[in-house]
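Order as written gives the chain letters A, B and C; numbering starts at 1 within each chain.
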Amino acid sequence: MEHVSAVLLGVPYTLLVTVVALAIGAVLGLPLALARRSPLAVLNVPARVVIDVLRGIPPVVWLFIIFFGIGNQFVTLDPIQAGSLGLGLISAAYLAEIYRSGLGAVHSGQWEASSALGLSRTDSMVRVVGPQAFRVALPAASTYAIGLLKDSSVVSAIGVADIVFQATGDSRATGAALAPFLVAAAIYILLGTPLAIASRRMDSRLRMRVAR
Amino acid sequence: MNADLLSNWLEWLPDLGRGLQTSVLLAAVSLAIGIPIGLLLAVLVSSRRAAIRMPSIVLVEIGRGTPALVVLQLVYFGLPNAGLTLGPFTAASAALALTTAAYTSEIIRGGLEAVPKGEVEASQALGMSYRDTMRFVLIPQGMRIAIPALVGFGILMFQATSLAFTISLQELLSRAYSIGSSTFLYFQVLLLAGVLYLAITLPSGWLTGRLERRLSRHL
Amino acid sequence: MEIVRDPQTRTGSDAVDVRASAQPTDRLEVSRKGPPVVSLKGLSKHYGENVVLDKVDLDVSAGEVVAMVGPSGAGKSTLLRCINLLEVPDAGTVTVGDQCVDAGKEVSAKDAMRLRRTAGMVFQSFNLFPHLTVLRNVSLAQERVLGRSRAEADARSMELLERVHLAHKADTYPARSSGGQQQRIAIARALAMDPQVMLFDEPTSALDPEVGLEVLAVMRELAESGMTMIVVTHEIPFARDVSDRVVVMADGGIIEQGEPHQVINNPQHERSQRFLRAVTER
């Protein structure tokens, strides 16, 4: 039982890093997705390189580059800042691809119909295509968010006091090597399951609305 | 600075190259063990018998719900308590294989479900048993459909080998880190490590895209 | 071309006597006298509120060719799929050859498999196995279900592929064949199991009219060779010229059946008049 209370101390940090990283990713992912879809090579080629490089290097390596590399030699960052920033940038790349496939899934007839009605490109995007793309992208985005909750455990490697960090500390302090990690596993599963259920519910609600 | 960086990189490359080898080997072993177990779990999860299906689903969900890092800690630090001590490489292989099994079982199940239902009916109409239908019709096609997603997962698993840094396996990241801690050139050496990861993940990613297009053309 | 080979060259060991009477003598003669190969009694099936089959009885004699016509949703395909238990009826009995299944009791997977072995089925969408060559498509179930050796099965498959004029496709994959060719391969695959009856579920509906003709030609030859056949179809000329009996289904039941020209040219039931007028007058 004392393992549970010790490991639970990490939950706020895990949630904090996950939410901040998602927020960064959700915002930065949008221009990245639009640039990636642009017909202009000056926009889509760099966007593609950024996305591929962000996704091609393991998250923990990014955190090390940011925390030990940039943090030691250029600007000083604390572990939470470095962790949120690193995971946020990676999330931007993944979410950009999710947005992009959502936009791609909206039938081109929708663009044509809105421009035939005289809507500007921006209006078409914001009022017609965007909402539909959001609907399409939502399941993938929520799957990603649930995945990120677990993957955020890598921030323990740079010293963020998250669930895994607490489990490791508790294990060292008490000498119990199995229980703290089992508790950590259980907490991740308990955190992830309601999120999965909520996203499924939201998905079916949105589907009903779009079908109508 | 650029000439410096280049000469540093050349100096570190052999050491990091050995680390990369370990990472690639670890990924290969984990996938080679994990994917067959994933296939088995996919078949069990697709079972019509609830007594087989339900425990398999629970197993898969636990496997997918637990971060690979936690599985790794459990196997390496936890199992010795239960009387089973594994070396870093074995522990990392076992942990990543478990994660692989849980994830790939869902990918493979998706592949099995994507096989047109009419083909299952055709083999039933020919009098074939459930087992034979699975073996000769569903699994060969389901696996083929799952290949692009499996390769994609394989790339993520290769990236996940970097987590073995935490159990002091001498893979790419931990070699880069130890060079960093002795030279204090963290940024430069970690950047090289990143480039080496990219050297594997980028071509594999392109390969997946091509594979996807090829396979969708055939099916 | 003769699709049902004579008993001497038959490779299947479990061929049943019934088929000996189905030899290409006078087909009509045989069909009227042969013992029933398929016998359905009181067959019922519903999905929720929706009654798809309502206590249907049907006997099909050895060598008889039965064409089942009727509006969509009449239950024709469901009836056909109940014969080899792809759908399990809610009530009634299904007898094929010497295999009998009572839907009122628990139907085991074994019973279903045994019954399916005696009935060959051809689907609207062919359902060939795309990952296997044409030859393997035809041979697989012979090896796994009938226990034939690979050589035996392949020899038999080649024989059947020759009879549907597709021996040259043996080593290619199904995707390389046209729809009509795929359907002929599917017919060869079903025949390879030495079925006592062949069930056709709208075999030409997914095909261009022209391509459908080559499949119908194969079916006609099959019928002339004495094979017992039940064909769900919208091809009225085929029903009229090839079948021995036309069965009209509507709303989950058989509303009219009889001699093809009689039923098609001069239907008695108001519902069949309406349906047949609609399909023949377009």
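Convention: a residue touches a chain if its C-beta (ideal position, glycine included) is under 8 Å from a C-beta of that chain, and two chains touch if they have at least 3 such contacts.
All figures in this text were calculated on a predicted structure; none of them were measured in a lab.
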{"item": "Innermost chain by mean C-alpha position", "value": "B"}
{"item": "Chain pair with the greatest number of C-beta contact pairs", "value": "A-B"}
{"item": "Distance-maximising chain from chain A - centres being C-alpha averages", "value": "C"}
{"item": "Whole-Å gap between the CA centroids of chain A and chain B", "value": "20"}
{"item": "Averaged-CA centre spacing for the pair chain C and chain A, given as whole angstrom", "value": "55"}
{"item": "Centre distance in Å when chain B and chain C are each reduced to the mean of their C-alpha atoms", "value": "47"}
{"item": "Contact set on chain B toward chain A in their complex", "value": "61-62, 65-71, 73-74, 77-82, 159-163, 165-166, 173, 176-177, 180, 184, 186-188, 190-191, 193-194, 197-198, 201-202, 205"}
{"item": "Of all residues in chain C, those that touch chain B in their complex", "value": "84, 86, 109, 112-114, 116-117, 119-121, 123, 125, 127-132, 140-141, 144-145, 175, 186, 189-190, 193"}
{"item": "Residues of chain B that touch chain C when the two form their complex", "value": "116, 118-119, 121-130, 132, 136-137, 140-141, 144, 218-219"}
{"item": "Chain A residues within the chain B interface of the complex", "value": "52-53, 55-62, 64-65, 68-70, 72-74, 150-151, 153-154, 156-157, 164, 167-168, 171, 176-178, 181-182, 184-185, 188-189, 192-193"}
